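We call the chains A, B, C and D, going by the order they appear; numbering starts again at 1 in every chain.
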Amino acid sequence: MCGVFGVYNSRTPAEDTFYGLYSLQHRGQEAAGIVVAEHDAEKGGTIFRQHKGMGLVSEVFKDEKIFEKLHGHAAIGHNRYSTTGASKSENNIQPFSLNYRSGNLAIAHNGNLTNSQVLRQELTERGVIFHASSDTEIIPHLAALSPEQDPVRQIYHALRQIQGAFCLVILANDQLIAARDPYGIRPLALGKKTDPKTGETAYYVASETCAFDILSVEYERDIEPGEILLIDQITTKTGKPTSLYLPPSKRKARCIFEYVYFARPDSTIFKHSVDKIRRNLGKNLARESTVSTTNEDNHLIVASVPDSSNTAALGFVRESNKLNRPARFEHGLIRNHYVGRTFIQPGKANREIKVRSKYNIIRGVLQNRQIILIDDSIVRGTTARMLIKLIREAQPKEIHLHISSPPITHPCYYGMDFPTKGQLLTNLFNKGKGADEEVESIRNYIGVESLKYLSLQGLLNSVPKFENETCSYCTACFTGDYPIQRADADEAECEEKE
Amino acid sequence: MCGVFGVYNSRTPAEDTFYGLYSLQHRGQEAAGIVVAEHDAEKGGTIFRQHKGMGLVSEVFKDEKIFEKLHGHAAIGHNRYSTTGASKSENNIQPFSLNYRSGNLAIAHNGNLTNSQVLRQELTERGVIFHASSDTEIIPHLAALSPEQDPVRQIYHALRQIQGAFCLVILANDQLIAARDPYGIRPLALGKKTDPKTGETAYYVASETCAFDILSVEYERDIEPGEILLIDQITTKTGKPTSLYLPPSKRKARCIFEYVYFARPDSTIFKHSVDKIRRNLGKNLARESTVSTTNEDNHLIVASVPDSSNTAALGFVRESNKLNRPARFEHGLIRNHYVGRTFIQPGKANREIKVRSKYNIIRGVLQNRQIILIDDSIVRGTTARMLIKLIREAQPKEIHLHISSPPITHPCYYGMDFPTKGQLLTNLFNKGKGADEEVESIRNYIGVESLKYLSLQGLLNSVPKFENETCSYCTACFTGDYPIQRADADEAECEEKE
Amino acid sequence: MCGVFGVYNSRTPAEDTFYGLYSLQHRGQEAAGIVVAEHDAEKGGTIFRQHKGMGLVSEVFKDEKIFEKLHGHAAIGHNRYSTTGASKSENNIQPFSLNYRSGNLAIAHNGNLTNSQVLRQELTERGVIFHASSDTEIIPHLAALSPEQDPVRQIYHALRQIQGAFCLVILANDQLIAARDPYGIRPLALGKKTDPKTGETAYYVASETCAFDILSVEYERDIEPGEILLIDQITTKTGKPTSLYLPPSKRKARCIFEYVYFARPDSTIFKHSVDKIRRNLGKNLARESTVSTTNEDNHLIVASVPDSSNTAALGFVRESNKLNRPARFEHGLIRNHYVGRTFIQPGKANREIKVRSKYNIIRGVLQNRQIILIDDSIVRGTTARMLIKLIREAQPKEIHLHISSPPITHPCYYGMDFPTKGQLLTNLFNKGKGADEEVESIRNYIGVESLKYLSLQGLLNSVPKFENETCSYCTACFTGDYPIQRADADEAECEEKE
Amino acid sequence: MCGVFGVYNSRTPAEDTFYGLYSLQHRGQEAAGIVVAEHDAEKGGTIFRQHKGMGLVSEVFKDEKIFEKLHGHAAIGHNRYSTTGASKSENNIQPFSLNYRSGNLAIAHNGNLTNSQVLRQELTERGVIFHASSDTEIIPHLAALSPEQDPVRQIYHALRQIQGAFCLVILANDQLIAARDPYGIRPLALGKKTDPKTGETAYYVASETCAFDILSVEYERDIEPGEILLIDQITTKTGKPTSLYLPPSKRKARCIFEYVYFARPDSTIFKHSVDKIRRNLGKNLARESTVSTTNEDNHLIVASVPDSSNTAALGFVRESNKLNRPARFEHGLIRNHYVGRTFIQPGKANREIKVRSKYNIIRGVLQNRQIILIDDSIVRGTTARMLIKLIREAQPKEIHLHISSPPITHPCYYGMDFPTKGQLLTNLFNKGKGADEEVESIRNYIGVESLKYLSLQGLLNSVPKFENETCSYCTACFTGDYPIQRADADEAECEEKE
């Protein structure tokens, strides 16, 4: 996964992009980069300048001098998620910036293509050279080889050929282009801000609206599935970006896992507040829950794995009380602020110290109580298992683990960084078992008194409905129902995901 | 403020101290250091080795190689709080390590002395040289000049002469010494851990018990006010540390502000769980609150300034509901994980971005609602004011700010890093005014519909009682009732606090 | 200018390349990089790994851990000279590593192409994307678009299309390829080393033989002008690299300035010892000199600008004495060892401190004497002028500046980093003047009693003759006689030189 | 060994000290520091600010921002030589800065005390605390304990008690104090510079005059043996520093090894040019040499180990020719500019690469010739041995190693960083042998055709005579004739030398 950001017609495009990427930091912590475009007054073209590096946004841009060079009128930026193997190279840090027959181009991509291998093969046969292992590099090559003359039409031509999940922000000389795949898998929003003094309007594009809030930018609307949006000098005068549309897909496939875990709770994605959806998940989980208070306790204690499951826990409590199953929210776990990427752990033998370094438990609220612990998902299960072991030190009476989504059973080919099928916890325990037996095996492995996953029905009832759509979400990781078939072979996909 | 830590008879004293300091990071982010003691097999004495630096523990010890050198059997460590002016020097990073007539000594100090200027003056008259501006350096000089031969008796001799707040951990050659002032102003706890294989017992001393939890160390008891505890080779055999006691003070003066704000919620200090006390603060605040729901709303929305006020908010909600004033806890503000010390903010003109970078607001839960916002204290008021401005963007109906402690009206001379009296927010508005008028002025400045401080009575009812004590807490910052008179002049105190 | 290095069939290719680049550091201090090739035992292909960065070789590779990753059987490396403007980007650090239809390719280039603009224009028209501003990137694109299947034939196809100066070392999957342009403008040598234990032979390619000496590698022969040398698995068995030859050029054009200044004195380039040629330059300068001792002095004092002019000064002294003009070599100037790239100069107002920081003068040997100061060349004249001012402080009787090459009057289009014509010192003073008048103007500007340049005849008499060649050297910077016409326009050349 | 520097009444004292220390870099590469004094306009005293760190001056002060803080009117600085063991601590970086009864004091020391252990013992018995292992720390303690009130008198009082070698520069509040031990073991010079605009005079003190030259400061005179020089506000008006004098010693003992190797050739120390003395050493070596040309050769080739032996080699050649033994100077070895402290050497197995990385050999001038190689001294012999092995690759006919000083047979207790007696090369081979046999053993170990040391007579004839002195130099390292008896025990000395 990744975060993308773009800005046009700002006087401080690099600074804006810095704050935007900072707000999108949760979408990618491995690397960050900014490319700025400036009119070249002397020669009449557009100059691109960039700064990129491995690490958090605040680490890559820790020197304020960097911004002195990055002046211009437009910029794009990218946060890269942790990736594995060969792609850990600095060559793969986005945005990619390049020069081709129509001038300068810079591109930032969130998503994952499903026919990148096939296209890469075809392109190399034609003599194309690749510098990075990322599938993103295919797109500018397709544009450069297109018969079109106009950059936005070249991009259109390129995007018709690619398959999979993509949200793109592109600088093409003087222009900013934003695009979203026809399935609408990843989120992408458009914002505006008018300078009260000059009356000039700046345009913003971001993976999530939290990047607008930090800049006091107003959320305008989503980039629609299949839309290619062009912002240029004319837009700043007319106030209207131009849009092209890719051929529509048979269905939509918004990533439901963005709502479950990935997006920031204060963002609006797919036109709805993430926080509200998470609250729904908690409510539905309460409706499905069968845990009741024992004689001695008059309340269930509901705790969440902070911070991503906090809202679901609050929704759970509220609904549970409505259903006359008294429950009380408690901060039983506190997340440590000082764990950063640079945190070393000397004396590694003691593996459990990792989870101890990340979470602090509040013994008083857990001791001798019936705990319902809310988490959003279980991927590999190792952290959950260690966390339960830690909570046991507070001597709770019982721990009931409730997950606000169904079991993850299938890998994601559209950008979510799940492990291969073989590494998913569900896969370890489902050899020839029924679903119930499988959950029982996982419960036993994690070490809790009971384990409850939200049902698929419950999940679908929690997320917004879109009119005139028969199918609005991708639930492949829970169901195996993949909206887009993959043209590429299996192995490479797993390695090159980002 | 600062955090101190000590360990004796561990095989990994530097690693233990690293994790201990990491857990105490909230007590001081400016600098960190570790001194390790090792028996010198060849020469028969004890070798001290150290590593110190400016920054977070994880920054100062980011290279694992550092630990390869820091082997031994005992160690002490120190986190320094942000200080101002001249003391920002690297010379002031603790522990101080030195050589004197009885061998090697290393010292780490949490607190602030009230007669350091007087003693420093006397010592310099006798020809003593000072290397740092910290008042801590006085202590080893007094020990070195004592007529005693035994380090622990020299320390006793030194501590009889100093006044003020001190929790000390000291390495004296082969021994570990821990000491706490007779007033008991700052917390200091003793822990133990027995190696299941060897049966050997390691001893631990820390400002807060959260430093024990990360190491699976068992909390044994507090170092008592006035106690000087000696742990040496004999202790490891008898299992009993030796204690000396300083003459008792007339009263005790545990810092009540440690409970209100400073200590970590999962710690036990002054023998009681911080989380539980904070819950009491919230409950008492609810009892004193006069805000009631308007007609349309059936619940008050209670939000906290994360993370320090979370527990008080939960206590508030619970009590409010008991009192039939329906209230609901919501995560209206979320703290950003990625704000670190190295976070730059390009384009500073826009000052409000600082608070935007630290907190995210969840519009959905705030919009059009009556909000009770719980915070633990207001010092300068600038952050509170900007935070309210940010929350206003979510268009709440009303914001009622509730503070879980009384107004801070006086500076702290015992180590809490408040500004001088003139900089306290209360001082800006109390020129010839009554208390009510003053609160009204602050409410207006912060920009909220109502402002409620917990009463002093409410505060004192929230904290534990100690038997056989007439006066157990220092409340000077709220009342001006200073337990220890200062021998030093005013100005220097403000500058040299740490 | 740049340095290139390659190694094949070594067990420590990255370490070998590190030492090779370290020895070639004088050819480029701005950036350095190494690409290593390793057989992929699992998949059967070849894996490339790289490390690159801005700065000296010792800075870029200051962490020994880098080498742990760079294992393989072959490697190439590159030192980049200081460049200006847009090309100062990290994107331009060589070797360039890429993936194309025939697998992996990495390329390092010393030289400068004269038709890169034309080719780049043609390639972009065909849809090619460029990532760097360097002209080197053209070569792999031409190879990728060639109809050939075999990498070495693709390279041959590419090199037939480019014009200008190039020495290349290339990793093409499992193979090492070295190539030199038909004019032989830049030097490139082949070396061998046989492991006494295993009997295996490793092959080496380097810009200068000094890179062989540090590794105890034996100099075998030069890569001939127009030769494309292929070293692969078969070579390691037969002991014979394969060679292809580009069509011969009408003349040869070895850069005579490599002998004058650029190459290291302990290297052998163009089949002859640089030190010996420099000695010849000094001897011929002595023959042409007209400075004679005054009555009082019985010796001329000959000093050199260290270290590049030391040998010429020794040759001058020897010949002068033969001609019965008594002369004595003295170390009148000493070069400071501690001036590095990171050397800051606070308080810049005082500009002359720069030359003072670089050179120390020995007053005793200069005071009251007739000095002949030998330097290899004058480019901009600013350093020479400040140096003379510094030497004046030692109060010499007279300073006679002798330059061991003719005046530089024309820019270099083949890789030497001279300024544009307008910035050359000679250009400042030759407006409508004869040659003598011009030298007189420069003498006056520099501030010396006399100024003597070696004649072109003297220069040509100092360098080796090559049999069966009518024209062996490029002297364009002294004469304007350019061996290769430029297809590109003027301006871009100046900016993109490296 | 170390370098010290001081400046008074400059507007840029930190910058001046930076350049001064940079020029004295050869005297110490391990650490560097600067302390600046500024009048405190508000409070009327003097504020000290400092910056110190491990590494070269250019590394410690690589950030220009450092100088923004270091404003004032006076400064002192220190370069520390490489030390071993415990003293490698950052605690030991000078200048030491401290606060005592008379205000602020900062001290920088070049030399080594011989009664530091005794004094340290006495001081600790009195209750004094030591922070560093350096003997320098004794001096401010003695001053602080002195009955005197005036800092310069306190320093006088302190210096009367210490024995050994010391050159000191001290900031005492508003004053600059410079002092040199009565034996005059280490050099210390006084300089002046008058600002042409303001007419104000700035005063400078430095270990060597090369630190004056870079700043265009005029060398005034030496600080005399036993002199304590005071520069203060009055001095800037009267133009006359005040001097106190320590009781005279029985003899003088200027370190003759400063002339042989340590000082920079362009410096004046002990009132004479180092370059001239080194030339004398070469001349006397020529007179004592017995190597003559063989039949075939008409000249001996004389090469030096650069850069320290260059001048001696020139002197040798000149004298040899006068004596009708024809000799010619050649640059047979060239020192590599790019070897710095940060230079790593991957693949350490190959130890000889260290000497290859430092020196380049010019084969042409060495091959098949009779070489006289001039070096200044042999300490451990390991580098010499590897260097000879390297030169052998150029296949010289014979190598005759000539050393421009006698064999080092005794350790230095006055600051020169020789190894312990046991590690000296001479000690390895002198078990029960005569002097000739010993030299023969060393010759064989180093691997040369002949080995010639300059005689003690030859050395003494090369250095300046001082009138009215019976004994002017310390030659203890060559003779064991120690001018000052050591009060301290043996072992500690070796470890704590700096």
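The rule is short, and it goes like this: contacts are C-beta pairs under 8 Å (C-beta built on N, C-alpha and C of every residue); 3 or more make two chains touch, one makes a residue touch a chain.
Here's who's who by UniProt: A, B, C, D = Amidophosphoribosyltransferase.
Here the structure is a predicted model, which means the values were calculated and not measured.
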Q. Would the interface of subunit C with subunit D count as same or different, where same needs over half of all numbers used to appear in both copies?
A. same
Q) Hey, how far is the Cα centre of subunit A from the one of subunit C, in Å? A) 50
**Q.** Inter-centroid spacing, subunit D versus subunit A (mean Cα positions, whole Å)
**A.** 62
Q. Taking each chain's centre as the mean of its CA atoms, how far is subunit A from subunit B in angstrom?
A. 37
Q: At least two other chains touched by the same residue of subunit B: list those residues.
A: none
Q: Give every touching pair of chains, nothing left out.
A: A-B, A-C, B-D, C-D
Q | subunit D residues touching subunit C - in the complex, by the definition given at the top | A | 12, 14-15, 18-19, 22, 25-26, 56-59, 61-64, 67, 210, 213-214, 264-266, 273, 275-276, 307, 310-311, 314, 318, 328-331, 334-335, 337-340, 342-344, 346-347, 353, 356-357, 360-365, 393
Q) Where on subunit D does subunit B make contact in their complex? A) 50, 89, 91, 96-101, 105, 124-125, 127-131, 133, 140-141, 144-146
